[in-house]
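Handing you this structure, nothing more for now.
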Amino acid sequence: MTPGRRHLEPLKEWLIERFIWLCGVSAIFFVFAIFIFVFREGADYFFSGFKAGEFFTSIEWYPTSRTHVRYGALALITGTFSVSFLAMFLAVPFGLGAAVFISEFCPPRLKEGLKIVIELLAAIPSVVWGFIGLTIMNSLIVRLFNAPIGLNMFNGAIILALMSVPIIVSIGEDALKAVPDSYREAAVALGCTRWQMIFRVLLPAARNGLLAAVMLGIGRAVGETMAVLMATGHSIRIPHGVLEPVRTLTATIAAELGEAPVHSDHYQVLFIIGILLFTITFVINITADFIVRGIGRK
Amino acid sequence: MMKMKGPFSLLPLLLALLLAAGCLRGRQPGQRGTGQKQVIQNSGSDTMVNLAQAWAEEYVRIKPAVSVEVSGGGSGTGIASLINGTADIANCSREMTFAERERALQNTGKDPVEHLVGYDALAIFVNLQNPLHEITLEDLAEIYGERGRIERWSDLGVQPPDGKRDKIIIISRQSNSGTYEYFREAVLGKTRDFRLGTIDMHGSKDVVELVARTPGAIGYSGMGYATDRVRMLRIARKHGETAYAPTVPNTQKGIYPVARPLFMYTLGEPEGELRDYLEWIHSPEGQDLVVRSGYVSLSRTGSHAPAQGEEHQP
Amino acid sequence: MFEATDQTRRKQRQESAIKYLLTTMTVIIVLPLLLIIFYLFYKAAPILSLEFLLENPIHGMRSGGIWAPLLGTIYLVLISLLIATPVGIFAAIYLNEYSRESWMTRVINLAVVNLAGVPSIVHALFGLGAFVLFAGIGRSILAASLTLAIMTLPVIIASTKEALAAVPHSFREACWNVGATRWQTIRNVVLPNSISGILTGVILQVSRAAGETAPVMFTGAVFFKAIQTGDPFAYGLLDQCMALSMHLFTISTQVPDVPDALTYGTAVVLLGVVLLFNALAILLRIKLRGKKKW
């Protein structure tokens, strides 16, 4: 290092540390920016013409009607939650079962292999899942369940379940791993079977972590777009059975945003739906995080 | 020391990127390009997107110096892009409204110019297992319309296609595609809305695929999307009138009831590369692609042109 | 004594029952992946070849290859990588090296978690509102890449943080003791020792960015764009481009009469790219773990 450059060192150091700080807080900045920019696009309508009552209680979604434009999103909200909960109904038992299997029963080599496969399962792009739903699952469901239509809630839920299982497994496994071995030893010493040990000792001890795993799974399912757009049938209705098609909030944005004239009411309502989705996932993520930190402290 | 080069060499690049973005911000559509290349931006109607794609694909072979970017998004999006200057050509499966023309004139100071480029006939599709062969516009309105009276195949006097499930599975499009709007106007009338609970597919192809897989379904799409796994119905305006099949001659003669003109809009009379492109679209070569894409080409006679829309000689 | 044996037997039965149950559950999760990949490859097999990758889509995208969308995806991934990598790495350095346990760190960590949890369609809305409209960049490769970069930032932050945390504290102390500043320590000791871990994060970012559809759909990906085959510089930064994920969506929902092999082929290439990069990251991680000397 030449002497000339040496006296620049403190300045350089200062600049770099500023830059590092800036990058550090950028994550906060981006989260705020997302909220602000998405809200900004929908704000005009939100404060002037938006009817929250209609939005949350009516199923009549007629954004382009010539005579009577209505933005009732109840069917979309119901659609999002029904398909997400059905997905969780399928994914949670299997996800937690697999987490227990991997953490408690698996020989180490197989464990590595399984974890890799599950990581790869998580990597499959949602549009590929959607494609699978549209083609393979569509025909399968019509044939196996004799459903009138293959694109329905069940199709979407199976795909969402497969998509959120990896999160549930990996976070659930972490939670089980965090249970001290002394608990297991104590249980075995008392003569528990493994069955008893898992149900009476492990699951209660890892309760919070498992709960967080399930919540993050729901978060993933609620926010998923392409797969549900292609697989759920996209029909505005309150479903009466799992073999009926539904439409979700995310799919509605994806399908209609491209064709809504910029800054029209319809366009702004889609951004308001975006804010609703942001809020839902925000709450889910924060809660899950607090639950996880909760066990960390214990 | 050397190992740390990585992240740092990226920084100037990043700055350069942002700078480049800044410099190019005030670009003009149509005159923008990478190097020598001319870019024509073409967006709008989903009905026309496959046709526009076919033209773009063929044109680059004739004129490699011109690259056409095609995006869908619907007629409304195309017009909006034209108005705010992000597209050179708007594809439109309906006529531009007066309000839209006004806005274009206000925003850009130029009048949008209409170019008729072909016709599209909307076909009604049913599954091959379905015994139905023809239908009237009145019945269609009762199937698709809000508070419509027809919900079962037996209401139409046919056996349920798969033998047991009588309920009609109604397949439609998402609510602001041009096809949806045209179907609403042509079948339901100016004021009636669609019923809720239809299955709204994202693309015209989706509709046809789903009808092919679902015995009890009915759906509509441009006739260009027909495959041999579905049947197109003949359509009559009223009960007792003759039903016509969606064919090229029937559309050109104007007797098929659900057909519409396809337009391309430019701001002002097109010049330079844009004019060449539109002229080529109207040439026999361009019109040949219309037919090959499953749409109806401009009829040479002109007098029998269906519906509204003036004839532009190629 | 007999009673005890009975009990033991019952215990054993129970034990194996639950083991079988859990094994079945795991198999049910893992099996679909293998079946799906196998089936996709089986359907795509007739079309997969080098020409498929290097040819443009032709005949109304009903035949030919996937050159234009593939190149578009490469552009989107590389540019988003260029933006997300420095920011992500420095953010992780801040979180792991500079910040102390404070409410600020907590908030940043929460923000990272949330950034990862925001639905992709909301990222798309953000990209449209912020980059395309507000910043005036317009629908372009740049706007789409920026959107992807922000979306994939948490992937890089998380992996880098993990890699940095794996460097023992004693390394840093040794360096501080010879009079090096904080930054010099990071630069000369911490980063060189964690570079492979950081690389894992970068590779995962590539895999994530390549697969996303919704964020690019409204910010820069088009239905079709004619480009010359074989020209790697066919797109400009402010052009729109085709993207592999979007191409799969359009040919499977919009374009009529596409032969099955073509859509399955596109799906397999997309899936292949993503899984390849993921496998690479996993291999790197395993190799790293085996090599660790402290």
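Note that the chains are named A, B and C in the order they appear, and that numbering of residues resets to 1 at the start of each chain.
Here, contacts are C-beta pairs under 8 Å (C-beta built on N, C-alpha and C of every residue); 3 or more make two chains touch, one makes a residue touch a chain.
For clarity, every value in this text was computed on a predicted model and none was experimentally measured.
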Arrangement of touching chains [line / ring / star / complete / other]: complete
Which of A-C and B-C has more C-beta pairs touching across its chains: A-C
Centroid spacing, where centroids are CA-atom means, of chain A and chain B in whole angstrom: 34
Inter-chain centre distance, chain A versus chain C - centres from mean C-alpha coordinates, in Å: 16
Where chain B and chain C are represented by their mean Cα positions, the distance between them in whole Å: 34
Multi-chain contact sites of chain A, meaning residues that touch two or more partners: 134, 230, 258, 262
Junction residues of chain B - those touching two or more other chains: 46, 72, 201-202, 206
Where chain C touches two or more other chains at once, by residue number: 86, 89-90, 253
Chain A residues within the chain C interface of the complex: 13, 16-17, 19-28, 30-31, 33-34, 37-38, 40-41, 93-95, 97-98, 100-102, 105, 112, 114, 116-121, 123-128, 130-132, 134-136, 162, 165, 169, 193-195, 198, 216, 219-220, 222-226, 230, 250, 253-254, 257-258, 262, 270-271, 274, 277-278, 281-282, 284-286, 289
Touching residues (chain side chain C, partner chain A) in the complex: 11, 14-15, 17-19, 21-23, 25-26, 28-30, 32-34, 36, 39-40, 86-91, 93-95, 98-99, 107-115, 117-126, 128-130, 133-134, 150, 153-154, 157, 181-184, 207-208, 210-214, 217-218, 245-246, 248-249, 252-253, 263, 267, 270-271, 274-275, 278-279, 282, 286
Complex contact set, residues of chain A against chain B: 59-68, 75, 134, 138-139, 142, 148-151, 229-230, 233-237, 245, 247, 255-256, 258-262, 266
Residue ranges of chain B touching chain A (in the complex, touch as defined): 46, 72-74, 76-77, 79-80, 84, 165, 167, 169, 174-177, 180-181, 184, 190-191, 193-194, 196-202, 206, 209-210, 213-214, 216-217
Partner chain B, residues of chain C touching it in the complex: 56-61, 79, 82-83, 85-86, 89-90, 136-139, 142, 187-188, 191-192, 195, 222-228, 233-240, 250, 253-258
